[in-house]
Amino acid sequence: MIDSSISLELTDVGLSRGGRDLIAGLSLSLRGGQLALLMGPNGSGKTSLLRAIAGFAPTTQGRIVFSGGTAPDHTGDAGPTIAYLGHLDGLKKDLTVAENIQFINSLRGISRPVDELIAELGLALAAQRSVRQLSAGQKRRVALAYLSSSSSRLWLLDEPLTNLDRPGRELLGRWLDSHLAGGGIAIVATHRADELRRPGCLLLEL
Amino acid sequence: MSEFLAMGGHGSYVWTAYGITLAILLWNLWSAGAMLRRNLRRAARETAADEPARRPKVSQLEGE
Amino acid sequence: MKLPVWFHRFGSPPWVYGFAGACVPWLLICGVLAIAIGAYWGLAIAPTDAVQGEVYRIIYIHPQTAYIGMMAYTLMGIAAGIGFIWRIKLAHAVAVGAAPIGATFTFGALITGAIWGRPTWGTYWEWGDPRIMFELLLLFLFLGYLALRAAFDDRDKADRVSAILAVVGVVNVPIIHFSVDWWNSLHQTATVMQLDDPAMDPEMLVPFLIMVGGFTLLFYGLLFRRLQAGIVERESGARWLRELVEGAAS
Amino acid sequence: MPLQTFLLVLRRDLKVAFRRISEWSHPLLFFIAVSALFPLALSPERLAMTPGESELFGLQSLGIGVIWMGALLASLMGLDRLFLNDIEDGSLEQLMLGPAPLLSVVYGKLAAHWLVSALPLVILVPLVGLSYRLTPGATAMLALSLLIATPVLTVLVAIGAALTVNLRGATAIIGLLVLPLVSPALIFGARATVLALDAESAAGPLYFNASLAIVAVSLGPVAIAAALRAALE
């Protein structure tokens, strides 16, 4: 269902990196509940665009406006609205899985109990192990943890399926569906569009 | 003329100081111009306009 | 914060490039001329100083180079701040242009100050003179700025990060200046001759001021020339630059 | 919200620090080694308690200079990876997406680092002071003036670290950037200790260093946040 309370407007966005123009004249508008798949060869600017939308880097032209509505969410998680998952996992290797998830949850005001979340991620056995000892796939699951909460209204995922095994990809698929059903927006850069394809989603080829 | 050069015994100090300052002035005069010439040459080489950024293609999948 | 319209006209690279280009020859010629006259006047015509004898004639270059170094650093900090806050590439070009000039002049001030100290206090490195110590610290600030810039390969990032250093530096310069002066005032034995300008009678003052004027004109001439270089570097690929370069080539 | 983020980051960094003892204990051991063993570099007869005509400086005033320089070098060593770790593992990005401004994250990290490395430094000073036979009064003043000066050292070196965060050969550049900026704190800190050595009141320099610390702690992190944002662009 389209939830028009939140929207992401890209008007004539241009991006350059190291003096070279990557993207020019990109205009796009997404409503709540919509998914956009970002495709294109390596170095075509997928990551730069996601990072520009997340606010890490300014656009060389045009404007990006994300007007996030209040989070209509039963758990009352106000919290920050943007979730960005890049190639890095964003975890402290010396802390355990539980400590990392607890940290991010309290940072983003997510009130979901940690052990329940760890169980859903299928990491119950590794909960007290330090992240350093986990496999790449397991680290990826820990990094995904805070996507389970509906407080982030805008998802910016940069090739989230890498390193994930089949159950992991299915878990992410379920969370993506509930995120979209809950009226969130998602932009996903991926090389495996077929797995993430949803009816009515936008295809954005750079 | 020679006592002018001798500078009352301080000649070596005064002339070294002035010599160094002159050297710095000359280096600056030269290097400012050289920097501009170098950048202009580099700009001339890059006159072939960079390949224009591809305009992204936005399409919508069928279905609701 | 909305900037006044005329400020944006300053912001248009081709206009600034042309304006700077027009000023450079005048500034350099007048500057060099003034320095030549001032130097000749100071060395040959001005009377000998009663206390220091002939070595005082370094006064016609040491304070000037030190003043240019200080002015360059302050200008660098302000231009870098403007460039960082409003993302104006031109302001970064000004800051980057001022740095090498300031560094070389500060180095000159350091050397001429030390040379001046030798006959006056019998040592090239007189801890008692706060200004030489401050020149050295200012030189390190410049070298730090240049070293930081050199470590970047992406020029836009180099501009933004070195701008932060320039602003932090320019905020700290007064504090450093005060601390060094205070530290030296402790060390100061009453008899040590200050490097201040001995009570300058008019015959000494005129060449001194001519030299100050000459150095200032020269500094702005050099700065505008380097500003042009910075504009060309940052505007690569711009249409006006291509026309300029093709125009020059044909 | 910002205070909560500050405390969160502070607790997290302290937890990480206690898991990686080596990362912050090496600078402290280095400080002890450099300060205590420095006199080895001088031949014994040049080390009279009070400088005669042949001794250039007394043992005590040598000690004060060495300890101050040792403290500066130790903070240089401990801080260069302060932000690099968080950028390399991507956690700084996640913190920037958090509710609070980046400033409270920076304050959290600086506070954690200060507690873990600068404070022990101050506690170790009396130990090192012994090898220079500093009077108890001078040692106490040395510890106090270091305590007041370490925030300035930490903030300024952290600015250097943030500016050079992704650069090769960063540690060398940080030293060059920071030394001129740190000189006022060094001048007044050492001055306070020398005054205490002569059993005079060292209030003046201490007050000055205290005001320097306030300026550094309030303005410095703004520059650090700007530098980190520029590094992540």
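We call the chains A, B, C and D, going by the order they appear; numbering starts again at 1 in every chain.
The working rule: a contact is a pair of C-beta atoms (placed from the backbone, for glycine too) under 8 Å apart; a residue touches a chain by one contact, two chains touch by 3 or more.
Computed from a prediction, not measured in an experiment: that's the story for all the values here.
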(Q) I'd like the most central chain, judged by C-alpha centroids against the all-protein C-alpha centroid. (A) D
Q.
So the centre of each chain is just the mean of its C-alpha atoms; given that, what is the distance between chain B and chain C in Å?
A. 15
Q) For chain A and chain C, what's the span in angstrom between their mean Cα positions? A) 49
Q) Just how far, in Å, is the C-alpha centre of chain D from the one of chain C? A) 32
Q: Compute the distance, rounded to whole Å, between the mean C-alpha positions of chain A and chain B.
A: 45
Q: For chain C, write out the residues touching at least two other chains, lowest number first.
A: 236-237
Q. Residues of chain B touching 2+ other chains?
A. 50
Q.
Quick check on chain A: which residues sit in contact with 2+ other chains?
A. 58
Q) Can you name every pair of chains that touch? A) A-B, A-C, A-D, B-C, C-D
Q. Which positions of chain C touch chain B when the two form their complex?
A. 28, 35, 39, 43-44, 48, 53-55, 57-58, 61-62, 65, 100-101, 104-105, 107-108, 111-112, 115-116, 118-119, 218, 222, 225-226, 228-229, 232-233, 235-237, 241-242, 245-246, 248-249
Q. Taking the complex as given, what residues does chain A use to touch chain B?
A. 14, 16, 20-26, 28, 40, 44, 197-206
Q | Complex contact set, residues of chain C against chain A | A | 87, 154-156, 236-237
(Q) Going by the contact rule set out above, which residues of chain D touch chain C in the complex? (A) 159, 163-164, 167-170, 173, 176-177, 179-181, 183-184, 187-188, 191, 212, 219, 223, 226-227, 230-231, 233
**Q.** Residue numbers on chain A that touch chain D, as the complex places them
**A.** 54-58, 79-80, 82-84, 86-95, 99, 103-104, 106-109, 130
